[in-house]
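Got a structure for you, questions after.
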Amino acid sequence: MTEHLASFPVLSCMLLAPPLGLFVLLFLKEEQQFLIRVVSLVAAGISFALSIYTFAAYDQKLGGLQFVEKYEWVKTFGITYFVGVEGMNAPLLLLTGIVIFTGVLTMWELQDRVKEYFIFQLALVTGVFGVFMSYDMFFFFLFYEIAVVPMYILILIWGSTRKIYAAMKLTLYLMAGSGLIIPGILLLYASSGIFTFDMVRLHAVQFAPWVQKLTFVMMYLGFGVLAGVWPFHTWSPVGHVAAPTAVSMLHAGVLMKLGSFAILRVAMYLCPQGFQYWAQLMGLLAATGIVYGVFVGLAQTDLKYVIGYSSVSHMGIVGLGLATGTVDGLNGAVFQMFAHGVMTALFFSAVGFIYDRTHTRDIHELGGFSKIMPVASAFFITAALCGAGVPGMASFWAELLVLVAAVKVFTVRGLFAIAALVIGALFALRVVQNTFFNEPNPKFIHYEDVSPFLGLPRMILIGFMIFFGIFPQVMVGLIKTSIIPFIQGL
Amino acid sequence: MNWLISLITPVGLASGAFIMVVAMTLLGALIAVAARNIFHNVLGLALCLIGVAGLFLYLNSPFVALMEILIYVGAICIAICFAIMLSAPMYLPLPPRHPLKILGALAGAGLVFAFLALLTKKTTWAAASVRSDDWSITTIGHYLLTDYVLIFEVISLLLVVAMLGAVVTARGGRGSS
Amino acid sequence: MGSVNPFFLGCTLSLVLSLSAFGLIMIFTWRRPKLSLAISLTVSTICLIIAWLTFIKLSALKEPLILSVDWMMSDQIRVPFGFLLDPTSLLMFVIVATISWLIQLYSIGYMAGDSGFGRYYAFLSLFALSMLGLVISSGLLQLYICWELVGLSSYLLIGFWYEKFSASEAGKKAFVVTRFGDIGFFMGLAFLVLNFGTLDIHSINSAAMSKAFPAWLLTPAALLIFCGIMGKSAQFPIHVWLPDAMEGPTPVSALLHSATMVAAGMYLLTRLFPFFSCSPTAMTVILTICTITLLLSSTIGMVATDIKQVWAYSTISQLGFMGMGLAAAGLTGGYLFAGFYHLTTHAGFKALLFLCAGVFIHHFHTNDFFVMSAKGGRRLLIPMVTVTIGALALAGIFPFSGFFSKEAILAELWNLPNKMWLGLGLLGAFLTAYYTFRVIFVLLFPRPQAVGGGHGVEEEHGHGHGQEEEHGVPWVMAVPLIILAGFTCVLGFLQAPIQKFLLGEVHHHAPNYVLLVSAVGCALGGIGMAWLDWGAKGAKWEGFIRKVPVVENFFIQKWYMDHFWRWFLNTVIYGLFSRTFTYNDRRVVDGGVDAVAFGTIGSGRLLSFIQTAFLQLNLLFMVLVLGGIGIYLLMGR
Amino acid sequence: MNMMLFGPELYFLGMALVLFFLSLQRRVRVEQTYYVALWLSVGGVVLAGWCLFQEGELFFKAYKVDLFSQIFKAALAVGLFLVLMISRNLAHVEERCHPEFYLFLTTCTLGMMMLVSSVELLTIYVSLELSSYSLYILVPLRRGDDIDTEAGIKYLFIGAVSSGFMLFGLSYIFGATHTTYLAEIMPKMGQLIQNPIGVVGLLLALAGFFFKVSVFPFHFWAPDVYQGAANQVTTFIATASKAAAVAMLLRFAALGASFGYSFAEALVVLSIASMTLGNLVAIIQKDFKRMLAYSSIAHAGYILMGVLTMKEAGYISAIYYALAYLFMNFSVFLVIHEVASDGRDLKIPELAGLWYRSPLLTMTLILGIFALAGVPPSIGFTGKLLLFTSAMSSGYFWLVLIGAVNGTISLYFYLRVVYHAYFLEPGPRPKIHLSWPSRLLNYGVCGIIIGFGVFPDRIVELAKVAARLVL
Amino acid sequence: MESARMLVFNQLETYLYLALMLFAIGLYGVLARRNLIAVLISVELILNAASINFMAFNRFLAPTPAVGQVITLFIMAVAAAEAAIALSIIVAVYRKLRSVNIEQATELRG
């Protein structure tokens, strides 16, 4: 992989903008709510702008790693600060930028402990950015944990429905995943013989097959927990239900991608033989997750549970794409990460808006919201349609790529996954019908619709979703630049 | 008869005396831990320590043996006696022994004994290649003021700390007494 | 692609404009009906003009015009975006553009005052976009995408009055059921692309013609793709969505049933006709299914009391008829003309029928044609005349368009060695005529005292304009009726030009008089039967089928297909899979996780007993562990 | 003899002397005594920092001054200073005992300073006892609840038995190697590979340090003493005393390097047992300090991971972690002290509403807790990861796996603290007002926890030099 | 000379086992006795056992016979200090609990 050093530390700025905002927030008073929001928005906005910049300015002809920054960090242990952008993480950086920016806007109306909320949210985002751009396993893991742990507090304080249980479960479950990841990472470090955490250098090392197999499965399971791989998904519906809106957005939208991205970036990249060995299992679990997720989602009555299980199913598609180990499958998987991120963010932000007003998410209790809040409903319906795999939305292309690739590699599993699309449609439409159609519940009839300002973040999300739905090549072409060398390296 | 005669040879006398010393030590130790009366324990300890001093004599070190008697029998045992008098009244009836606890203690002590005995048995002890036979007290003094001078100083500090500590701790406790 | 071909530019323009109309209305103007209408109608008119211009300019086309640019390129999967302009697509292009323009025009009157007026036009634009894209697409994947978009827009339009449970339910049903077929389609596409490498329609057809496909590839692929057609064109056994789809506004039904959604399926069959016809097995299956569909829907149509439902079942039966024609042609090495011709004519008269029904519904606020009749439906002159014209065409009476196209299909069936198919086709024609004229006679000869069979059929929509009593038919609604009636009258005589346009030459058959007589006989027989049952003075106003109540009930219950699917959904999907999986998720998977957590806490509690309050027990433990480790270390030495 | 070599020790000896004289006063002036002690300890920190790069040998090679020892001396001085910082309000110690309180803290520090520099068995033993005895006295100095003397007596006897074992082990080492100098023992240990006396003697000798670091099965005192002792004393035991003990553990374990796995095996078992037991039992604790005691047992297990590698990387990470542990543990105790300003034992539920009562303390608490739990970006995370890295580099895969799983378990009870502090409503509890030095201290500790967590390079490089000196 | 070496008091192992027995007895006392003072006495026995060890090694193995003696002397001093502290704490315990029975001190558990 060629590396192109950055003339201006774009990535570091992107990474440091949230913590800088966080630092400023520390010295603001709780009463200065407006200022707090503005500072958070500016911090998020800087990152967002820079993520768009990297996405757009990435030179597809040149390929390889760009915007690279690399400094020795701890020489004795072979730790370097090594960040860069390539085709597979540029979309995810963009996704993070989108989701955090819209997330801050979504939480604009928050009244309770505003300062702390934004502090933790910015901390979380720092971690997410860090994971996506790090090419050093130490920092990768460091940011990974930073991204996971603030979730506990965010859910605990600003959450709802069984939040204490959910927060603890989520955090412990994910940290249990880390318990597998650390030995995995360190086993690679130790058995490489060159004692470095630099992934690019480690990639050049031929690890012994047993090391690869062992490491791969540990990392797959460890990161898989975060990626919602069946049967380690149960934290996700519970967690999503409990989390506040923007956190659900971030969590389902971005955090789950950390897991799948890490499987791709660390596990598959460093242990190709391990991947070959476990690919069948990956495919099996992913396909099971796809089918299982929709079926379980079909029986849910809580909107967020429904979305949670749809995430399980959609992340199954990501997993299936990864498992194929083909260019198409991986392209689709990365694309799906992006698409699902935007889609789920939209989902949650629409649900969040309704929940904030009505304080219920039970689909039987709601109803007729298209009448009450046409715009808010339209957001949700759009997301639901995207989830059902309707063309014209980004996720359609991703699913197309993954499913076709999957049929090729794992025929039966692929066919099952395709068949699940029907249930997926039923699943999405059932919710839409029950919640947004039919006669409105008179209890909620006086609620107001989304104001244009609060509609803005949702519009941004829809905009991205449809833009990449109509021009998928913008995304696929970029992803491809790194996937093709990646596959050759496998 | 033969063993009687052998008893009166110097070696025999020494052996006999050694057996007595050992018996004294062990007996004293047993009394020290097993007797139910606390004063008997102290006396047992004193007996045992005198035995140990005897052992030190056998180990070529009359000076240490002397110190043993002075410090241990003379100081520590007396201190313990004071403590006994300061604390528990002797006339109170003692609660019965707990057989399970005794058994546990025996098992613990036995296990450690077995372990260390096994260790001692399995080890081949090698003497230093060059050995000096300078047993004079002067050398000890010399060592105290050269190699072990730091400890010599520290130990005094330690004793001061212990004394101060004893004073502070025992000084009326929390005022109620 | 050196210079930009104006036709392709036009095609692109029509797509882009439709999309932007949709987007503009949805984002900005959905609260303003006038503006939305203006945008949508302008775009629709432009599309209409483009379609006709293209059609006329390219009518003498020899070779198909193909444009293909990369839309998305992954490694092996590449999705081209492009247009394939050949007679088939051009004809369909025109039909779609025309009908949707007419519908938009008609809807001005029909939907006036509805609170979702802007949204309605947005969805219509989306529908137009997806259908146009489908029709002129050059690759199957693009076709599939538009196919799905058609499903989406039909979902949105059928469930347009979403406050009504039945409407939203119908929309959902339409989407999910067609999706059910689409997964077959998708699998077929995956199968094709993985084994053949391209999804270009032109090359698939030519490869099929040149026998480049092995049979093992061809038949499954064809059958899988046919699954999609079954879904969209409402073929047995997944036809159940279509009758319910009338829950949408009537213009939408007209659009769905004539030129867009359901036609898309048959259009695809036509489009890939060379490909399908290379697999006799597939064609036989198609023939069987279409025949079953024909009979099933005709029989149900005999007992329905909702005018739109009757038309809906007639649509299904006619789609089956088209399918039969195409399949028969495929089996005998014939041409796609007959089926496609029927598609064309059907588009005209079925749109007509629905729009007429819409006028009645709009006027009388009921869907039950018995009630309409009682309220004096025949007094509405224009719709009454036009509906009769449409009915005559549907029944296959000379000189209306339906006669010619049906004749052509029966001719194809005649060519089949097994005459059973022909017999069944004739039976279908008989039944069609019967139930069509059942409606007409009921409307024409009202018997207010006999109303009572139609209870339970709800008024389609009671809001918006229910209170204002309108008299007469607004011109925006009347004009499309007249235009369509004109088409219905004329189209029959254009058989030869259309055939020439489609096939490049006219195949003259010697007129088969036996067939002609029997076909006309069947149609007239059906009408006569209807006359006896419903029209004549002494008619009992009950169908002949009432004589066999069991069968009638079977038909009224729609062959129990709805029941079957309802059972399937409730018991198998929700009851079995969904509930089992959910239980498993709560108890086994999640329960396992919780068990681990509680186990950990429990072991903590257990271990805390080591830390007793008794110093000596602690010391004992310490000594034992130390001794144990020591002895363990010594063991090996 | 360069006075600077022995500078910090002399200084603290002098400080002890000053405090001794203060304790002789008829009337104790609490404030004055406190400030004298505090400023003297500041001087100690400065001096220890000044002497950081001293090198040399003293007292006939019984005493070695090198970077290794000086780092720990500086840490000890800092530890004393930090403890004194929160000793302004000695609510649970009788006023007339205040000078003695400071005095024993000082002598303990002095003992530990000597400990980390000693390279001779007897010196080590006596220095260890000096520090231990000071602590034995400090524990029952508390007044109020009836648990202090109970804790004190348990502490004393467990300590006495442990040091008995240690002494016995030392005697074996002396017997096997004929010398008491570590520098001479080291090469001779290599000749004892076939002789079990080497391994077993070393193990027995380590008992004393295991006791100090509270490694299983010598941990029994920790929960009782943490709970029973005054908060400041617990702080001192949990921070400075741990660091010194780790230093000695490192020095001693280096002797076993030649035994390789047969020696490390025992340590692996102890390490696993320590962390598992500590983390599991901590889950069910309600008393905050008692929970921290179990957490310290678990951390002893972690540190042992670095020690048992007996390689440079492991030593570096153990040193790093010991220093890290000092700060992160202190930050938690700082919060305990401020919340329980009357010196009572803090139950975890009493933390409720801390976010409202004092946001700053909450931040410190969360950072400290997260650091203990090994959550980035904190010194604890980096330290733990370095420990795991070094253990893995030495091939202890299962150890690392178990350690990582333990990290997850530990998160449960750490998060419960966060839960109480951050989630629950304060109820009638008033806001906590911090004095400015205390605020400064909070910021400082937070800064160190994050700063050195993210930028560990400087410390690692120092630790590297130090580690080379003991191996 | 040969016979002198065979003599029981001229053999290292004798002293080692002796010390061991003393150690074990002391340990037994620590583990079994309830009276804190008796426990302290037992601890003294343990320390003495170690002293005997040192002295024995000093006598039979060490290169310079002074070292072991010095160590033993220091152990005595340490033991004295220990006794002082322990006794003072025991007295404090007695004041608190009105008993020197260690089994009465059961506040801290779990």
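First chain written, first letter: the chains are A, B, C, D and E, and each begins at residue 1.
Methods note: contacts are C-beta pairs under 8 Å (C-beta built on N, C-alpha and C of every residue); 3 or more make two chains touch, one makes a residue touch a chain.
Since the structure is predicted, the reported quantities are computational estimates derived from the model, not experimental observations.
Counting only chains that touch, the fewest steps needed to get from chain C to chain E is 1. Chains touching both chain A and chain E: C, D.
By number of C-beta pairs in contact, chains B-E lead all other pairings.
Each chain's centre was taken as the mean of its CA atoms, and the one lying most distant from chain C is B.
The mean-CA centres of chain B and chain C are about 102 angstrom from one another, to the nearest whole unit. Mean C-alpha position of chain A lies 70 Å from that of chain B. Computed from the mean C-alpha positions, the centre of chain B lies at a distance of 6 Å from the centre of chain E. If you average the CA atoms of chain D and of chain E, the two centres end up 28 Å from each other. The residues of chain C that reach two or more other chains are 597, 608, 611, 615-616, 619-620, 623, 626, 630, 634, 637, listed in rising order. The set of chain B residues touching two or more other chains comprises 101, 104-105, 108-109, 112, 116, 119, 122, 125, 127-128, 147-148, 151, 155, 158, 161-162, 165, 169.
With touch defined as above, residues shared between interfaces to two or more other chains in chain E number as follows: 23, 26-27, 30-32, 56, 61-63, 67, 70, 74, 78, 81-82, 85, 89-90, 92, 96, 102, 105, 107-108, 110. Contact between chains, per the stated criterion, is found for A-C, A-D, B-C, B-D, B-E, C-D, C-E, D-E. For chain A in complex with chain C, the touching residues are 169, 172-173, 231, 233-235, 238, 292, 295-296, 298-300, 326-328, 331-332, 368, 370-371, 378, 385, 388-392, 396-397, 400-401, 403-405, 407-408, 414-415, 418-419, 421-423, 425-426, 429-430, 432-433, 436-440, 459, 472-473, 476-477, 480, 484.
Residue ranges of chain E in contact with chain D, taken from their complex: 23, 26-27, 30, 36, 39, 43, 46-47, 49-50, 53-54, 56-57, 61-63, 67-68, 70-71, 74-75, 78, 81-82, 85-86, 89-90, 92-93, 96-97, 102, 105, 107-108, 110. By the touch rule above, chain C contacts chain B in their complex via residues 616-617, 619-620, 623-624, 626-628, 630-631, 634, 637. Of all the residues in chain E, the ones that touch chain C in their complex are 27, 30-32, 102-103, 105-110.
Only residues 116, 119, 122-125, 127-128, 146-151, 154-155, 157-158, 161-162, 164-165, 168-169, 174-175 of chain B touch chain D when the two sit together in their complex.
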